[in-house]
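Two complexes come next, and they have one chain in common, subunit A, joined by subunit B in the first and subunit C in the second.
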Partner chain A sequence: MIWRRHGRHLKDGLLVSPFFALFAVFGVWPVLRSAWLSFTDYHATDDPVFIGLGNYAELFADERFMTALANTCAYMAWVSVISVLLGLALALAFGSDSPLHRAVRVAFFLPAVAGGVGAISAWKWLASSEAYGLFNSLRAALGLAPARFLGDPQWTLPVLVLVGVWSVLGYNLVIFVAGLRAIPKDLYQAAQLDGASPLNQFLHITLPNLRPTLAYVSLTGMIASFQVFYVPYLMFGAVDTLGGPLDSALMLVTYLFDRGFRHLDLGLASAAAWVLTLVLFGLTWLNLRLVGREGAR
Partner chain B sequence: MHLALPKLALALLLATGLRQTQAAHLVIWMVGDDKTPRVMQPAVEAYRARHPGVTIEVRDVPWADAMTKYSAALASRRGPDLVTASSSYAIALGAKGALVDLAEAAPALAAELKQQANPGALAAISRADGRLFGAPFDMHVQLQYYRSDLLAQAPADWDGFIATVRSQLTQGRGFAQQWGNTSWLGFYPYLRQAGGTVYDAGCRRAVIDSPEAVRALSYYARLYRELNAPTDGWPDADGGLESGAYALMQSGTWLLSRMDMVHKGLVGKWAAAPLPAGPTGRRTAVLGGTVLAVTRFSPRRALALDFMRTLYQPEVTRRMAEAALAHGGMWLPSGRQDQIAALPLPHRDTLLAQLADAEGPPACPAWIRQDYLLTRAVQRVVLAGGDPQAELSRAAAVMNRALGAQP
Partner chain C sequence: MTLWRWLRAPLWLLVPVMLLPYYWMAIGAFKPVAELLRQPPTLWPEHATWHNFLNPDWAGITADPEKLAGILQVSVEGHGFLRFYANSVLVTVVVTAVSLLAASLVAFVLTKRPFPGSRWLFRALLLSMMLPWEVTIVPNFITVAQLGWINSYAALLVPGLAKAFVVFYFRQAMLSLPDELVSAATLDGAGTLRIWWSVVLPLQRPALAAIAIPVAVGEWNGFLWPLLVVNDAATLTLPLQLGKMAGDLSFNPQASAVLMAGSLLASLPAIVLFLIFQRQFVTGLQAGATKG
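Showing the complex of A and B:
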């Protein structure tokens, strides 16, 4: 009787159980474990010892952590804003099916698939302070003195933002093109009949209809920017330093890596990871409130 | 009941067999690239010749992954029996109880290392309380490299260095520091050449604000302010030497064996020299490299220590260094410095002169947590025009506050 009533559910449950088992072991358990470790003094070599909020207090008293938090917020803000605005502008300019527009979209999307260590090495080469660095060659052609793009704290954030925008712009462009194509054409036709200008069409048709896409792109962009690690690590890290000139390239995940794996302060690194998670939760909530709900309406 | 005895016997046999298998297999993790384990091969062969039943697995761990892999292994309390790591990281691992104290577990080997190891490399891993969490394994040291077709000889002291680079600058050629540029590591040789230190002898107090340290940082800042040295984390100094952008540079000994291979245009046009002498007359350079250590959780601790004893035998060490040379590399055994003089090394006299006056980073447990404070002081002076005395005093104050908080 029970089998007849619940047999199908049991069978379905059995079929999906391998996924849930793996998800529980490799997804849920590490998250719960890191939450517990964030309240402990743990260095991998001995058992964790509960210390309450000690790690969180230490984190917020650490000048370096605050530097990393500020750097990450600044990086996230610049990359998110520029990549969303530029991605939208490019989608409006190159959103058709013409061969030229397709080629442009492919060119912008390439960094999303061809990034990694090789691309960062190329950026290092471009931004090098040596005479052959492309940026400095361009400056020289303009009669400007060479700049220390990789050795001056004033240039660190602009260089990182440039690489960050370059790496996500193509992705944003493609998502925005899809979002623009989903807007019904008859809305524009009706507006044109009513004599609406292109600017009014953009403000009153495109933007409101694009809000769910905007929410998605900005949210995923913010999350990815907040988790930035390998770009500053590869561009500014060295055998003896992690944060670049005057820690201007020190990001939250770089700090977490340094404390967790170099110093074996795994309890404190777990606390840093949870601060990162809470900040991301806050940003997600804010984003959904500002953009998502309006879009849904 | 009649089946119980055979079952028990089988269980015992399996258990014994497992123990034997476990005891006869050593796992070694070496930081470096896929060629790194080749250096260990002569030691493996020598040990296996005496102990045919033992199998030894040597794996390379890329530097970028080393800390995450080591941490994961420590947390799981499984993993390698022996590891190589930088001396600062080994000190940190030892302080957390992750490594075996050789002074206690293998006193004869520790005593032998005191006689045979490079003093700077041994000091970098020797704690003030006498504990020794690893044996010096290999080393690199800073050197001056210069264009021998442009300079008759390398500058011999601080004043000579400034004068030489100034003269070269008038011809459009400058100077670059590569290894440790604008960080504590680049500043450290100048600090030691001026007679300064980071901590007092007992690691109880930071003395980085001493007059000697201020003098060293004032001089170091001149390399950037007056000589316009690049401030990138790792400038392409060897490429610049080839292109003629730099007439002089400072980097590590790994370039001795690689320079002609990588920079064909430099063949016959470059030479190496020890660093310029500071006010004390010393030419101290920073000694980098790795140490070999036994992990605390190794179930084969005795076997691992026995392997180490074999590795540090003179003929085995020599064969390891020869194997590296045969593969186009250079492996300088910091645990048996006596073997280096006999090796057919490139620029051997220069190398030996610099190795005789080289030091690793401070062997204080707090150092790995505080090195960024010295880097920040150096960078505030070099990059932001800060005052050496003020910045070093600020760094020393923070370091001493933390040291005072330690039990």
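Showing the complex of A and C:
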């Protein structure tokens, strides 16, 4: 009996071994290796040389890295705040099951499905700095001089935030609709009997009950926007500078890509990846502290 | 909810903004180059043309905007747009199919047929889900380079086959599977693989469909990893080629008409599938978002 059980365990273990072999090579080993590489000087040609915290010190002394960190934080903050507030407003406005509202939600959800390079190319064309871009045509219609949306650093963040909000809004909307529907209807009925105003109902029923959803939406949104890469890369990156005009579109992952794969400074790039990880851990911890564990789901 | 009725009016204005890039891409794809560069832009193609897709006047390298190669005639080192399209389809289909099947089998074994150490394997999967994938790209690039996989399909396919978040998703779905079903099949003498294939997998079809969507969308749009491991035309994927064309936009505005045509072709399958399977897409992408 025991022998047979061992045989079964062995067979079952063999069945899952290809998966775990791949997982070990491409999922576990790289984590350990990048942690080690982050403490080394490594340029792909010679063996890694241990330099302690040298890469981390270099990162925080590098003005470009600090620019990337600041840009990423600003982008994350704007996208999160706007997309959470707008997403909630949209869920309250278009949350019903009527065909019209469902069609509206489909329109908002489209970028979550088809928000790839094709759609970003269209945004790039819309924001073109030339007079024939639609944005500049609208400015011309208002009597304003054309703006260099893709070439003037002061426009970089607004353009990126617009596209960032555009891409996550529908997702937030759908999650908020689910969250709103989970609030028991009788709470509202009881409040109406007590004569509570719609505003009071929102403040004292909707918001408190929506807290876990709010926490979930803002945390996942912050994590995703902190890892932003291809939108700034495609819209602002050029051959000579990946970070766009005056590095105004330089994000953390762009910096990692630039140092790691264009300059083959793989030790430094590994350190940058771990700084990114620590920031994400910090954000998660903060979110749990502010909203409580039930928000983490 | 009555309070929010007044909110709706300004929010309606957001609907055209959401659809704007798709609309602009769709009409841009059918505008002649001269019309695309006109200011103010036309809101509907005045002289609709299919030359941005296939240009009969195309005759090799030229500065004449009317004689530019259509998107289907664009060639990089002898490989054309359809090749890049096929590469993207291949990567999406293979990675989605294999990673889902593998993850489903692993989830089944870990939840219903645990063996010594299987809990630790599951914990390792959970732990790996907490880390952003950027942590792995430097070592994975080195590994792929050492294996000699740069510019090969293996580099695009193999590292994406073992997806921890899909195992996690299937495990949640598997918990509601009655144990009796598995033990009954075991008494009938069926092995693990057989039970999984003929009992578990058919019952898990809704879960498979739901999680297939975020995996497929992610692979179809994959950009950073292909950018690192592929620069040879033969294995170029669709996003990479479109990205290159978008990068040239500021030097060569004429190419934008062709770029819009290519963008439309690249976005169309996702849009059409989404419009057909709306409900599945919404549930699926919600489920996939837990990958953090």
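Throughout what follows, the second predicted complex is superposed on the first by the 267 of 297 C-alpha atoms of A that agree within 3 Å, B and C clash if a C-alpha of one lies under 4 Å from a C-alpha of the other, contacts with A are read in each partner's own complex, and residues count from 1 in each chain.
The rule is short, and it goes like this: a contact is a pair of C-beta atoms (placed from the backbone, for glycine too) under 8 Å apart; a residue touches a chain by one contact, two chains touch by 3 or more.
Remember, it's a predicted structure, so these values are computed and weren't measured experimentally.
Q: State whether subunit B and subunit C clash or fit side by side on subunit A once the two structures are superposed.
A: clash
Q: Using the superposition on chain A described above, determine whether A:131 touches subunit B (first), subunit C (second), both, or neither.
A: In the superposed model, A:131 contacts both subunit B and subunit C.
Q: Have a look at where A:44 lands relative to subunit B and subunit C in the superposition and call it first, second, both or neither.
A: It touches subunit B and subunit C both.
Q: Which of the two, subunit B or subunit C, is in touch with more residues of subunit A?
A: The partner with more contacted residues on subunit A is C.
Q: Pick one for A:261: touches subunit B only (first), subunit C only (second), both, or neither.
A: Touch partners of A:261: subunit B and subunit C.
Q: In the overlaid three-chain picture, which partner chain does A:179 touch, first (subunit B) or second (subunit C), both, or neither?
A: Once the two structures are laid over each other on A, A:179 reaches no partner at all.
Q: Would you sort A:93 into first (subunit B), second (subunit C), both or neither based on which partner it touches?
A: A:93 contacts subunit C only, not subunit B.
Q: Should A:113 be classified as contacting the first partner (subunit B), the second (subunit C), both, or neither?
A: Once the two structures are laid over each other on A, A:113 reaches subunit C alone.
Q: May I ask you to decide whether A:232 touches subunit B, subunit C, both, or neither, giving the answer as first, second, both or neither?
A: The answer is neither, since A:232 touches no partner chain.
Q: Under the stated touch criterion, which partner chain does A:164 make contact with: subunit B (first), subunit C (second), both, or neither?
A: neither
Q: Subunit C has the stretches 3-11, 57-65, 129-137 or 273-281; which one runs into subunit B?
A: 57-65
Q: Considering only the contact definition stated at the top, list the common interface residues of subunit A for subunit B and subunit C.
A: Correct list for subunit A: 44, 128-132, 150, 237-239, 257, 260-261, 266.
Q: In their complex, what parts of subunit A are in touch with subunit B?
A: 43-46, 64, 128-132, 148, 150-153, 236-247, 257, 260-264, 266
Q: Spell out the part of subunit A that touches subunit C in their complex, as residue ranges.
A: Residues 8-9, 11-13, 15-16, 18-20, 22-23, 25-31, 33-34, 37, 44, 86, 89-90, 92-94, 102, 104-126, 128-132, 134, 136-137, 140-141, 150, 166, 169-171, 174-175, 178, 197-199, 201-202, 220, 223, 227, 229-230, 233-234, 237-239, 253, 256-257, 260-261, 266, 269-270, 273-274, 276-277, 280.
Q: Where on subunit C does subunit A make contact in their complex?
A: Those in contact with subunit A are residues 1-5, 7-8, 11, 14-15, 17-22, 24-25, 28, 36-41, 102-103, 105-106, 109-110, 113, 115-116, 121, 124-125, 128, 131-132, 134-143, 158-159, 161-162, 164, 191-193, 217, 220-221, 223-224, 227-228, 238-239, 242-243, 245-247, 249-250, 253, 256, 259-260, 262-264, 266-267, 270-271, 273-275, 278, 281-282, 285-286, 289, 292.
Q: Spell out the residues on subunit B that touch subunit A in their complex, using ranges where they run on.
A: 63, 67-68, 70-71, 74-75, 89, 92-93, 96-98, 179-185, 230-236, 239-240, 243, 245, 288, 296, 368-369, 371-372, 375-376, 379-380, 383-384
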